[in-house]
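Two complexes follow with subunit A in common, the first pairing it with subunit B and the second with subunit C.
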Partner chain A sequence: MSMKLTRLISVCCAALALTACEDPEPKLKGAPPDMRRLTETQYENVISDVFGIDVDVAGRFDPLRRTSGLVAVGAREARITPTGFERFYNAAKTVSERVTDAEHRATLIPCTPADAAKADDACARAFMTQTGRLLFRRPLTTAEADYFVKAAGEAAGANGDFYRGLTTSLASMLVTPQFLFVADTTEADPADKSAERLDAYARASRLSFFLWNTTPDETLMAAAEKGELNDSASLARHVDRMMASPRAEVGMRAFFNDFLALEDFDTLEKDPLIYPTFTLEVAENAREQIVKTIIDHVSRGEDYRDIFTTRKTFLTRALARVYRVPIDRTDNGWISYEFAADQNRYGIQSQIALMALYAYPGRSSAVRRGRAVRELLMCQKVPDPPGDVDFSLFTDPNSPSKTARERLTAHINAPACAGCHKITDPIGLSFENFDGAGQYRLTENEAHIDSGGDLNGAPYTGPEGLAQALRNDPATASCVVNRLYSYAVGRSVEQDDTAVVNFLDKGFAASKYKFVELMRKVALSDAFFTVSKPNTTAAASGEMAVATAH
Partner chain B sequence: MRVRSQVLSFASAVVLAAPCFAAETGIVHDRRMGFVVKDWFTAVYETKFMDECPEGVSIANDEVWWRRLSRADKDEQTGNGMIQALNRVGVSFLRGRNGEHVCLEPDSVDDPPQRIVEGKLSFGVNLDGDADGKASAKSCAHENFTHPDGTTGIDNQMYRLVGCTYGWRKDVGTVDMNANEMRNTSGLGLILIDVSEVDNPRNDDDVTVTFYRSVDQWVQDSKGAPLPFQTFNIDVVDGKPRYGDSIKGAIKDGVLTTKNGDVRLPWYGNYVFMHPVIRDLTLRLDIDPSGERATGMVAGYYDVEAFTYYIGSLGAVVPVNGINCSSLIKAARELADGYPDPKTGKCTALSSAFDLLAYAAYIRLPAAAATKTAER
Partner chain C sequence: MTVLLTKVRERRSVLKGVLGGSAVTVALPFLDGDLNVNGTALAATGAALPVRFGTFYWGMGHTPGHAITEKSETSKGIGFLAETEALKPFEDDLNFFGAYAMPLDGRSNYTHYTGWVASRTGTAPAHNNDIPAPTFDLLIADAIAGNSRFFTLNANAVGMPRANYSARSTASRAAAEISAAALYQRLFGPEFVDPNNSEFKPDPRVMVQKSVLSGAIEQSRDYIKTLGAADKSRLDEYFTSVRQVENQLALQLQKPPPNDACLVPPAVTEKPMEEVKRIARDMDEVIETHGVMAKLFAMAVACNQTKVFNMAFTDDFANVRRVGETYTHHLLTHEEPLDQKLGYQPLTFWFNKCGSDGFAAFLKEFKSIREGDGTLLDNCLIHAGSETNYARVHTIDGVPFWLAGKAGGRMKTGYHVVGGADPVTRIGLTAMTAMGVPVESWGTKSLKTTKPITEVLNDRATPPPVKTESQG
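Up next, the complex of A and B:
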């Protein structure tokens, strides 16, 4: 073979490396179409995007149950209780009153009634169909449009006020399942008459909630209407547009909030007498710090695995107090900061957020922290303790054991406990230099803290050793792939998905663990849109009767 | 050679250990550690039965005024008793011979002399270096105290002056307490103590101690104490610190002790802004092993004029603390034991001592100030 030909082949292979030379994506059967209830954040994002008004609903809706490691998966199991419905109705009433009030109606309602004291079906139809398309993420059916126009007319007549009519009708729209649940509406697959596929609007919603954590924008809706989202080249163009948007950060934030179970901050309490530095401001800042650190890291195209070793982060004055570092900022804003090597803050796992979350109100917890690393960062399930476990050896206030390591050693020698503690404690004990509020310490009860540990049998020393061990363990990278895929499709990863997850895992490694690339790859994968045939017609129908919400 | 190697080896270990310890606990950053002063109390030695004040506590300004009034005057001054006692307080200040405010014109009345401390024990330090209290080029004749720990030659004329006035007595006096409260809740005039050139926060034979004023308020914990390790910016004018006098010091087993030096300090309390120069100031600070807080004492010569200005500005603090401005200020002039005026020979400053409680702080200096400190 001539030198020239060898070079040519080499160049060709390099050029094709990301396309032709890559393994094809495995096919999967997919799961039946489903519905997922909007999270509180999604609800707020949608209202803000559709109406341009902010509404704070935090803590007002029934909480979604974390399932298979993600709230996004639990959202498909959500049911609305009578009390929960009342809360949705209250939020809907607040939103609809603001949309139709004198301040907003001129910009949000596309027409003016002939007589503001009477019903005006034409104007009501214009508003309800325009708004309904954005809220239902698809055009309203004729029956739906008729229903909302009629509701607006009846309420306007009863109150002698056109806008009161719109308020009532919009509020009723905001409590429909079509709005509150993102449904996988399907259509017959033209390529396989026996199969179903997501219809264009469901594809748009899936993309939008995955990449932006909100409803599709006008461009995406228009693309869905034109059928562009079924074409791979057009789809790639839209995904790239969405990834380039500032809203992509909103999407990534939503994922990492879910991935790290940061909603637990909503109920985090610390004993102020034991940890006076851990104020409400510190808690709020700590939650933001870990997300900011990750988003900054992955947005710069850094190796995802380095989030476990990075010393780069962001600080506020409140956080600086707890980390015991001077801060070059006079107000309560953020600064970028890099910890010195001897400050022992390596990786997100050593930040206040996870250290404080996985501890007790008045002390640290090696077990909780070890379990959190296994379950959150490595996607490994740790069983709950048996119901009859005897904690007295560990919690005895008169115990001669001064450190958590000594107390746990006494406790885990009990055969019933040893199995789980062997997988949590070696990791958790290496966090013992961080107290229950995440503050660095050298001693506990005046005894020196031994922060040595081991991960899967490989010993290491202290926070830096743990950081390297986590970074180099294949489980941490494959965990984020697994969770991101699960988050994207809104269901747990099943046997059928294994090949696709492995495919994404390999792609992640090939991209040098660039998280943004992984997100793009998931969004462009066939698996992301694949559904099997519905189990029941009602569950996936986009034609659910409006009356069911009333 | 073997002995020398061992010495070198030991020295290296100390050098290596020092920054490691400092960084791990967060006490020292860039070879500096800092403190923000929370409490500043005049050091007053008290006995159970007030033996140090055999004549009792000093008589307050309004009480002196009231005692001297005839019944007819009392009726007139109080609107036949209809004016509340608190409202009469303001009138009592204006009892100079020609209606002068006696706290601003202390010589305008002839009041009974200030009741002063007659005990032998006091907190403080030996500021003038002698044991007998005789006059010298630097001091006027005075009686020395003995420290409760037995140390002789203690100079503390401030204690002698105010120790028998309710306002400075522990638990009942509110002069210092009010000042601390006001300073701490307003964030005005917080004193910052910057310790630089620190190689080891527990033992270091050569550090520099610099005093600044903060422009930042602190965040408090649920018990009202400042959270340690907050960052404070210093008061800067045209890029230079408004304060910033330095003295050398050393740390031994966690106790910082400085040499003597003249230091201009920021001050705010009881609605009074001041910047008194404390001459021959020496600081002792016992730093908690956690590095979070420190207790200690500032001693030095407190300027009589600054003291006079402060007392004259106290307003409503005077009556509620049993102060008689005129008697107190006149006694301050008489008891002054430091820095004789070259012309009159009369001393201009009172030896004094103040108890401190301070919390760990990071002190943010402008670039120019950092250079200036390093040059000292």
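Up next, the complex of A and C:
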């Protein structure tokens, strides 16, 4: 769009009712096409969606490195180690054996071989091409299809069993890079011959992994085949269908798990003697509680910022014991619950999940909590502590300090520490009414806890004050916009993206901070699908890094 | 080398005579491995014993003044103090390296991170998530692990898949094994081929699996032509990893040579879920898990399942408790007051001692397996180290390091080596040299070194005399 036209539209808009029009989306160069390794959750979702089979691969694959605040961004760099490949192969064997076993073959294999003790190329082709299209997220090439049929035939012959043939061929399909990496495949852009654009299947994958955290379904694949995802009107129709689907919750859950770094629950430790109520069940429920609270809140179309003030949540009996509230529930299910004002549980930040994660196994940590608020919820970077801290300042055995506030005052007063601790401690100390397991308390070592806090120079009191301060700080809203966009495009937000992120930020405010609207807007944005030209120069450093001694 | 090969051949023909001329199958894995300087071999086949390499990691270093008696220059004899007393019986298997420096050339000391990364990669990390170069165990694996069943084995006793101190790059780091039962299954489950089982029938289905896998990967190369250069480089690493599984399948089709040292350990079963997925892990559990894993590691090495292994007793942030204590090991290092009478932090000392005890327990497993005319430990080189010297203030100069085992005769042992402010990379270079990695220099900037520590290396050209092997 030309500058003149852009200005013209802006002028028109000013003349019209403001709510009726929007600024146009700024253009960006985009990043070169890349490929993202499937996360463990995506792998499980894909297998479950394609085959209806549950696999548990948690903690098995090469861990993805959280990058620029998101694991989704780390997936873009991920490589596959020998151990990692071995585990993909083992998962592939497990899945392919179950898909072709006597229990599943009738429903999952679209045909019956003429003779189950022999190869049957026609039936193998029907199964491998149908499955391959879902696993590769595009139709197989002729060469690929021919290969997997031939492989099924060879293995069937060697085993005297048609189904063993499929098992072997499917296992190998499940370890190909085509499956394990979601790649941005591109084509020449008809609108600009010098540029590339994502092809229809890559667009379908982008939409599907962003909105559903899984592989495209049949309708989306068909839409890609018909070219509908390149046309903005039908794209909107498809995005609306996807967002209305129950899978949209799966997608939102995946985002908030990544956004809040909830994978840390996998290695959470609490001392059973100090916190006897904090059991494995409590930990699992606490993780679910925070996600459930957010999903419920945003699904109802509430203002995103109110997740920091809401007292509405869900409880199980196990959680209720830690929160010390009576609930009317005899089984292990969830019940919706609203904390009373005097229970001091305002917002997701005061729930057990974040309080327990950002603490130690046997005690609270104002520093870690303050840092988590800054980094997770406000997207601000807190520097690491210097290596040469003299801790003797704070560890005087004869110190009369009873509370964390008294102990941490030393940080604030030491010039080397003050810079960062002024950023973290005033927030963290206002959480001190929650112990290391997230249980409410009024005292520490029999001394009264002062839970006053300060956010960027604005003082407040206790959990309720913090809730208001977080809600009203523009950083919390722009943080979720920034992360959602980064999550959607699978890379960190760079200079080139700033205008688009600001545009989304404005739109978020205009929608009264409706998260679902934000997600929709990202999915419909041009930026979401924009790629620059592929980078064809040799990545010398990368080659060097993997050069082996042989 | 020619000389050594001749010796092996001579012994092999002697053995042939003993065995009455029956055909002796020489397994590929052993031939590919480096030859033992002593010329010792597996009694059953006469194949040369491979030298294997491992690392052991514990978090939070030592307690200064209570671990090892300081020395001013390198000499024989290690002064074990209270914290390391469990290692005293291994004095003849160990070298201790003190006072080596970790110059960072202006880069930050990322607490509990820089220390292990710089000492294992030879380069100071640029941020607290950076792995700037491959860790040296992988350089050794590249040279010696070629066709082992497992390229490397990685495990830890703290239940954290991420706590693996072996990585090729920031984005290439495998998950560590955290369950002893899963480790057992991986090593000695149905796919393990027992070298001492006289019945051996290669499963033809495995051959088909291998060929189908290779074919699928081969045809994926067409697809890769469509990708950008950075992604191609990532896929090069992927192809290397694929070959590892192809190797595993190939090894299932070969009869391994009989191996006296290899005794399949009793099965390790999964604890009930409520025990495994406990919310708390304390030092007692770490010790127990480590003990089982150490046995499995040693036997995996003896059974020639891997030539390179990495064990972490605790992680770099030592997120380990003692039951009922509000502080973890890491927190204690910073916040536990110095006991004025003892002169150290008593609880921190207790945790640190657990690290030394753990290392001793690890060594014990390797030493208890007879191999050739010595022990498995004699044919191994095990590097042990931490990420800090004095964790209380995060010092990284003088981080304690050990090299255990005689590396098939290439290492002299029993020394306390004083670094005298030389870069810590000299230890890694020494290990690589002992393991036969063709590397002349290692590390970058001030960490670059070309000098292995010759005081503890036997000259390869003049190996000690070959011992007469007693048939057993």
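Just so it is clear, the second predicted complex is superposed on the first by the 506 of 550 C-alpha atoms of A that agree within 3 Å, B and C clash if a C-alpha of one lies under 4 Å from a C-alpha of the other, contacts with A are read in each partner's own complex, and residues count from 1 in each chain.
Keep in mind that, in the parts below, a residue touches a chain if its C-beta (ideal position, glycine included) is under 8 Å from a C-beta of that chain, and two chains touch if they have at least 3 such contacts.
All of these numbers come straight from a predicted model, not from anything done at the bench.
Undergrad: Once subunit A from each complex is brought into register, does subunit C clash with subunit B or fit beside it?
TA: Overlaying the two structures gives subunit B and subunit C room side by side.
Undergrad: Specify the angle subtended at the CA centre of subunit A by the CA centres of subunit B and subunit C, expressed in degrees to the nearest 10.
TA: For this superposition the angle at subunit A equals 80 degrees.
Undergrad: Looking at subunit A, does subunit B or subunit C touch a larger number of its residues?
TA: The partner with more contacted residues on subunit A is C.
Undergrad: After the superposition on A, what does A:Arg321 contact: first (subunit B), second (subunit C), both or neither?
TA: So A:Arg321 only meets subunit B here.
Undergrad: Quick check on the superposed pair: does A:Leu273 touch subunit B, subunit C, both, or neither? Answer first, second, both or neither.
TA: Both partners, subunit B and subunit C.
Undergrad: Examine A:Ala340 and indicate which partner it touches, taking first as subunit B and second as subunit C; both and neither are also allowed.
TA: After superposition on chain A, A:Ala340 lies in contact with subunit B alone.
Undergrad: When the two structures are overlaid on chain A, which partner does A:Thr83 contact: first (subunit B), second (subunit C), both, or neither?
TA: second
Undergrad: Shortest C-alpha to C-alpha distance from subunit B to subunit C once the two structures are superposed, in angstrom?
TA: For subunit B and subunit C in the superposition, the minimum C-alpha gap reads 11 Å.
Undergrad: Once the two structures are fitted together, what part of subunit A is touched by subunit B and by subunit C alike?
TA: The answer is residues 272-273, 279 of subunit A.
Undergrad: Enumerate the contact residues on subunit A facing subunit C in the complex.
TA: Residue positions touching the partner: 32-35, 59-63, 65-67, 74, 77-87, 89, 141, 143-144, 147-148, 150-151, 154-155, 158-159, 164, 168-169, 171-173, 175-178, 181, 183, 185, 266-274, 278-280, 282-283, 360-363, 384-392, 394-397, 436, 534-539, 542-543, 545-546, 548-550.
Undergrad: Across the complex, what residues on subunit C touch subunit A?
TA: Of all residues in subunit C, those touching subunit A are 108-111, 114, 128-129, 133-134, 139, 142-143, 146, 150-152, 154, 159-162, 168-175, 178, 204-205, 207-209, 211-213, 215-217, 219-220, 222-224, 226-238, 240-242, 244-245, 248, 274, 277-282, 319, 321, 323-328, 331, 334-338, 392-394, 396, 437-439.
Undergrad: Tell me, which parts of subunit B touch subunit A in their complex?
TA: Where subunit B meets subunit A, its residues are 19-20, 23-27, 29, 216, 219, 221-223, 225, 227-231, 233, 362-364.
Undergrad: For the complex, which residues does subunit A have touching subunit B?
TA: 272-273, 276-277, 279, 317-318, 320-321, 323-328, 330, 340, 342-344, 440, 442
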